[in-house]
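Take this structure, written in structure tokens, and hold onto it; I'll ask about it next.
Per-chain residue numbering starts at 1, and chain names A, B, C and D are given in the order in which the chains are listed.
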Amino acid sequence: MSWFSEFGAILAMQGFNGLSVFCVLLLMALGLAIIFGQMGVINMAHGEFLTIGAYTTYLFSSLTTSYAPAFAPYYFFFAIAGAFLIAFCVGYLVEWGLIRHLYRRPLDTLLATWGLSLVMQQAFRSTFGAKEVSATLPDWLMGSVKPSESIDIPINGLFVMGLTVILTGMLALLLYRSQWGLRVRATTQNRIMSGAVGINTRRVDRITFALGCGIAGIAGAAFTTIGSTGPTSGSLYIVDTFLTVVLGGAASLAGTIASAFTIAQTQATAEFFMHGSMAKVLTLSAVVLILMMRPQGLFSIKVRR
Amino acid sequence: MAKAELALAVEGLTVSFDGFKAVDDLNLYVDQNELRVVIGPNGAGKTTLLDLICGRTRASAGSVKFKDKELTRMPEHQIVRAGVGRKFQTPSIYENLTVFENLEVSFPRGRTVFGAMTFRRSSEVIERVHRVAEEIYLEDRLENAAELLSHGQKQWLEIGMLLMQEPELMMLDEPVAGMSVTERQKTAELLNRIAVGRSMIVIEHDMEFVENIAHKVTVLHQGKLLAEGSMEAVQANPKVIEVYLGH
Amino acid sequence: MPIDESSRIKNSRRREVLRVIAALPLLALPLSALAQQFPTTKVNTTKLAVTDGEVTVGQLHSATGTMAISETGSIQAERLAIDQINATGGVLGRKIKIIQEDGASDWPTFAEKAKKLLVNDRVAAVFGCWTSASRKAVLPVFEKENGMLYYPTFYEGLEQSKNVIYTGQEATQQIIAGLDWIAKQKNAKTFFLIGSDYIWPRTSNKIARKHIENVLKGKVVGEEYYPLGTTQFGSLINKIKLQKPDVVYAIVVGGSNVAFYKQLKAAGVTSDKQTLLTISVTEDEMLGIGGENVEGFYAAMKYFQALDNPNNKKFVEAFKAKYGEKSVIGDVTQAAYLGPWLWKAAVEKAGSFDIDKIAAASPGIELKIAPEGYVKIHDNHHLWSKTRIGVAQKDGQFKVVYESGLIEPNPFPKGYQ
Amino acid sequence: MKTIYRNVLGGKAGTLDVLVLAAILFAVFPFALDPFRLSLLGKYLCYAFVAVGLVLCWGYGGILSLGQGVFFGLGGYCMAMYLKLEASDPVSTKIQSTPGIPDFMDWNQITSLPWFWEPFKSLPLTVIAVLLVPALLAFIIGVAMFKRRVKDVYFSIVTQAIALILSVLIIGQQGMTGGVNGITDLKTLHGWDIRSDSAKYILYYASGVLLIAGILFGRFLIASKVGKLLLAMRDKEERVRFSGYDVANFKVFVFVVAALFAAVGGALFTLQVGFMSPSFVGIVPSIEMVIFAAVGGRMSLIGAVYGTLLVNFGKTYFSETFPSLWLYFMGGLFILVVMLFPNGIAGLMDSHVRPWLARRRGARLRNAETPADAPPVDSSLPGTATVRSPSPLAPGEGASTPRVQPAH
């Protein structure tokens, strides 16, 4: 086997890696993006909603191993559904109890949700203990596909990718093709007018927020295949998430996708040529610079203000 | 080609938002001491035109010359300092400051950071504030927080803030929107009074009011110049009638 | 089942209180006799919190924040040791009372709490800290206020203090024996060094590199550092694949650990194709990673839960009885367990609670009941200890495949800097 | 003289508040607290600098920086570098392979002092660097961001990214920065032992004096036209721009001022705590510092000091008393304050305590209590005499869009 074909294989895998980072970023940012789009605010407790998803998976896994071991290969799908439901409900409550009182003060929401994230972290710690836990993942998820002798494509990467594509597609349909999506977009653009034409903007807000949280729950469940589950696991993702969402801009889903792609490619490429730490610095600096050039994010709508 | 007596010369001005041309190859000349009213249906590009002149929106093409200065490349505050004042459609005042402070802040001195730090409320400032307040019918409200003013009073206050700057070109976007009949009357008087010695561009829908103040009227339609001339001439123009009544 | 640490600790505490009450009449006589033999005025000349019946010690770990994951085990082990000491008569006839403080994964908080324990509470010893950063933050406090710290974590070395007993291994102890073994066993010539980006992995890799290049005559084909908390290792894994090293030497820690091994497995880098040696995965980390994801990889440290000796059997049994059948014990947890015992031995040898006397008495102290076997305090306040190699098993335990002789601690290794 | 009295001290009520703070800091605490608690307090005062800066930058300027830790850290690091060099004299580092350089450099095989450490051999240069380095960085960030009109959440996230960049850099370059451990084991300042109890007292008093001086400077700014412009910009940026002001310059200015406050706090922190580590540069401490200001009252300079002290004492107390519950308390406190008391302690003082005191005194200042979330019963209501509300802490404000007027 020549060095070249091997190099090609690395190139292919590295390409896949870039895509995979892109999907991870997108998946974790998706839920936050619709909240940011709707309210113009960053939910600092987003990471904790990811953690909810991860712990749900862990619970499902433990239950399955204890009560229905035969069910083990399939439990993951139910865990994802469960993660969505639980995160959705918690999000619904949070909106009702906290967020809705702060709609007129977006920067304050940022602070309040940070307080919320502290509370949630401690709640995880009290419930599940301070140590990390590990959901037993179905074997089929943890292998790799081998299209050729020297190429390994991780299945969990493929899985996350697939999930990201499906979720993004569904969300796009929901936002741009459904009645509900119309209401959401109307509310985002002109809250008062939407209220006047009979849209229950309160309800729209609440569902949107809860939906964003639910999606975070799904992402958290999916990330058990590639990451850790512990009280502070969610905080590992948040900064990347914020940057992705903010770089994308509040305007559209397309912005978030473009932004996740930009960051992922910068990072994956930089990591291959330099140390991880320097790659991180380079990526972050790139984001700051791009934001300087485009102060409202990549996809900002130019309108008469 | 801007002649000395022109206050403002807009030539070939174009701006497009994602392909949509809000203002399209527009020419507009305003004389010294002229009060020009710009009218046109919604979406005609009136506000965008003001935005372009004062630098709030950047032109895709064309030029805006004010006293032989090219404005399209200047930052907003420089345009203001050159002598162009702008009032926004919805009254834009500092609700948390008093009327006095609103006017004081608009006084054209101490505009740098250091200047603002060492700015003193001198007798000259106080006198100017009182004079302007009198002009805009707010002399007895000077110590009130601006947020307590009525809508019409807020419009006046913003005009007063412009007056503090003593601009040579004043641009007002719908100054009588939301005003009562008496307030409109008083505003027309105010505008006629302050138009002396400076040029003005006013956007307005209220035809009666326009008749009251306009020296000359420009009609915009879909970003282009549709008609220009005296009020009567414009009102008689078939194209204008078509645009206003046609649809 | 949700595992509630605090309530379990509470329950066990209640049990312990009951036990102590029940044992009181029995112990009262010999206790006071022993205490009389060592009057407080004699054994405590520096106004420490020592009374005729009680001696107060501090416990300073992160119960909250990101480090709580790691430090919980140490908290538990130290409590277990203190309970056991109390149950067998205490120290110089005095019961040990614990004041626990939370360092909250925040270094200035550690310094603040250390000062509180030493200045306000006048504790006779402190068992605590985990990260190097927290130790560095409290060290000046201990040296200034003259306290005694028992520090349990394996660490980078380059430090030695009169006021600290290091019960974990310093870097050379942990690294060199492991590298020697793997080089011989796998006939390894090329190594790929990976670490989280901070002092312990960097210093350890430096020692490893020197040893590989100068002693083993091998080659380091890659050295990579990722910020703590990194969750994406795809690029790194591709670099490993490109280099095909004989051994991957990994010192990834914290939440990144889990991501690293899961992604490694998913990328097909498993133990049947790649030899990997780590010094940062204990049984504690295995809980989070999942045994199936690291199966077959090697770890080098001084203690594994699976060690087969009578001391360890008793220790594991007692630990599980107190904290639940499912609890696991990692290297640091065991080292933390040594702390109170070593202190007790030093106090008894010195016949005093005075810090200076303990510090002077410590070198040479042997602990034959240590779960890891036999340890002895060196003049440099580190422990003589053995290094073992374990193979990670699916169930989250290690199978011990090699055991070195007693290794002398050498925190300032010449030729490795 | 009169202007100084009015603008800097804030008139009678303002002077009283400063005197009360000074009395508490200089007369009550040093005698009521043991040296250990007092040294904690000294540490909190350092955070208070950051909070006071945030009142200017965030409360008045509307610029929410989630990266103040960067400036705090830079100020602290500059000071720490000087102290470290002093502690690393050739005699006490003779066991190193290169004596005379900081120990962590020696561990990392660095054999000579990096060039950027050189200036820190001199105390005057260090003092200059403490102020200049953070100010310069804030200036660069400010110009880059504000000239490009990056604002609101976008700016906040950018500052957060910068905090992360800097902390990754410091940790990654451990040979030159001490890495994650930071710069530790600092002993003397120009020969003066900073670890002794007397030094703690002196540093404590010095921090207090500097802090009050800082507050007075802040009041001067707020009372000047800059203060009015900041408020005006926060609410109607366009209008200010079209009144002929270069808005970005003012934002850069107030951002730099806030950075300077943070830097001074950081330098004093290093002196009092005896070390500096990258954990202050990161995101979490930066957000916490915003919380201090929020609890104290984002529109009140003095309130920010009380807020910082309260939150930190709370943190220490709860974490000692309820180790497993204290995060609930802290998280809950933040949520509560943001939701119910957007103007923090100072707002509460104004809307509840002062009117109540006034009633108790039987004074006719006010006869109705101002509800917390209604617009304040302000003297500027039509028809009433225009007496400014006696609010040296902060003006009473509504709960929704914080309504503000310069307090001093």
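Operating definition for what follows: a residue touches a chain if its C-beta (ideal position, glycine included) is under 8 Å from a C-beta of that chain, and two chains touch if they have at least 3 such contacts.
What you see is a predicted model, and the numbers here were worked out from it, not measured in a lab.
Chain pair with the most C-beta contact pairs: A-C. Farthest chain from chain A (centres taken as the mean of C-alpha atoms): B. We define each chain's centre as the mean of its Cα atoms; on that basis chain B and chain C are separated by 74 Å.
One simple way to say how far apart two chains are is to compare their mean CA positions; for chain A and chain D this gives 34 Å.
The geometric centre of chain A is 47 Å away from that of chain B, both derived from CA atoms. Inter-chain centre distance (chain A to chain C, centres taken as mean C-alpha positions): 36 Å. Shown for chain D are the residues that touch two or more other chains, namely 168, 171-172, 324, 327.
Multi-chain contact residues of chain B (touching two or more other chains): none found.
Shared contact sites, meaning residues of chain A that touch two or more other chains, fall at 122, 125-126, 275, 277, 280. The residues of chain B lying in touch with chain D in their complex are 54, 56, 75-77, 80-81, 85-86, 88, 92-98, 101, 104-106, 108, 110-113, 116-119, 143-145, 147-148, 158, 161, 165.
By the touch rule above, chain A contacts chain D in their complex via residues 36, 40-42, 44, 98, 101-102, 104-108, 110-112, 114-123, 125-126, 239, 242-243, 246, 275, 277-278, 280-281, 284-285, 287-288, 291-293, 295-297.
By the touch criterion stated above, chain C contacts chain D in their complex at residues 6, 63-64, 100-102, 104, 106-109, 111-112, 115-116, 119-120, 131-133, 136-137, 139-140, 144, 158, 197-199, 202-203, 206, 225, 227-228, 412, 417. Contact residues of chain A toward chain C in the complex are 6-7, 10, 13-14, 16-18, 20-21, 24, 62, 122, 125-137, 142-144, 146, 152, 154-157, 223, 225-233, 235-237, 267-268, 271-272, 275-277, 279-280.
Remark: chain D residues 64, 144-145, 148-154, 156-158, 160-162, 164-165, 168-169, 171-172, 283, 287, 290-291, 294, 324-325, 327-328, 330-335, 338-339, 342, 400-402 touch chain A in the complex.
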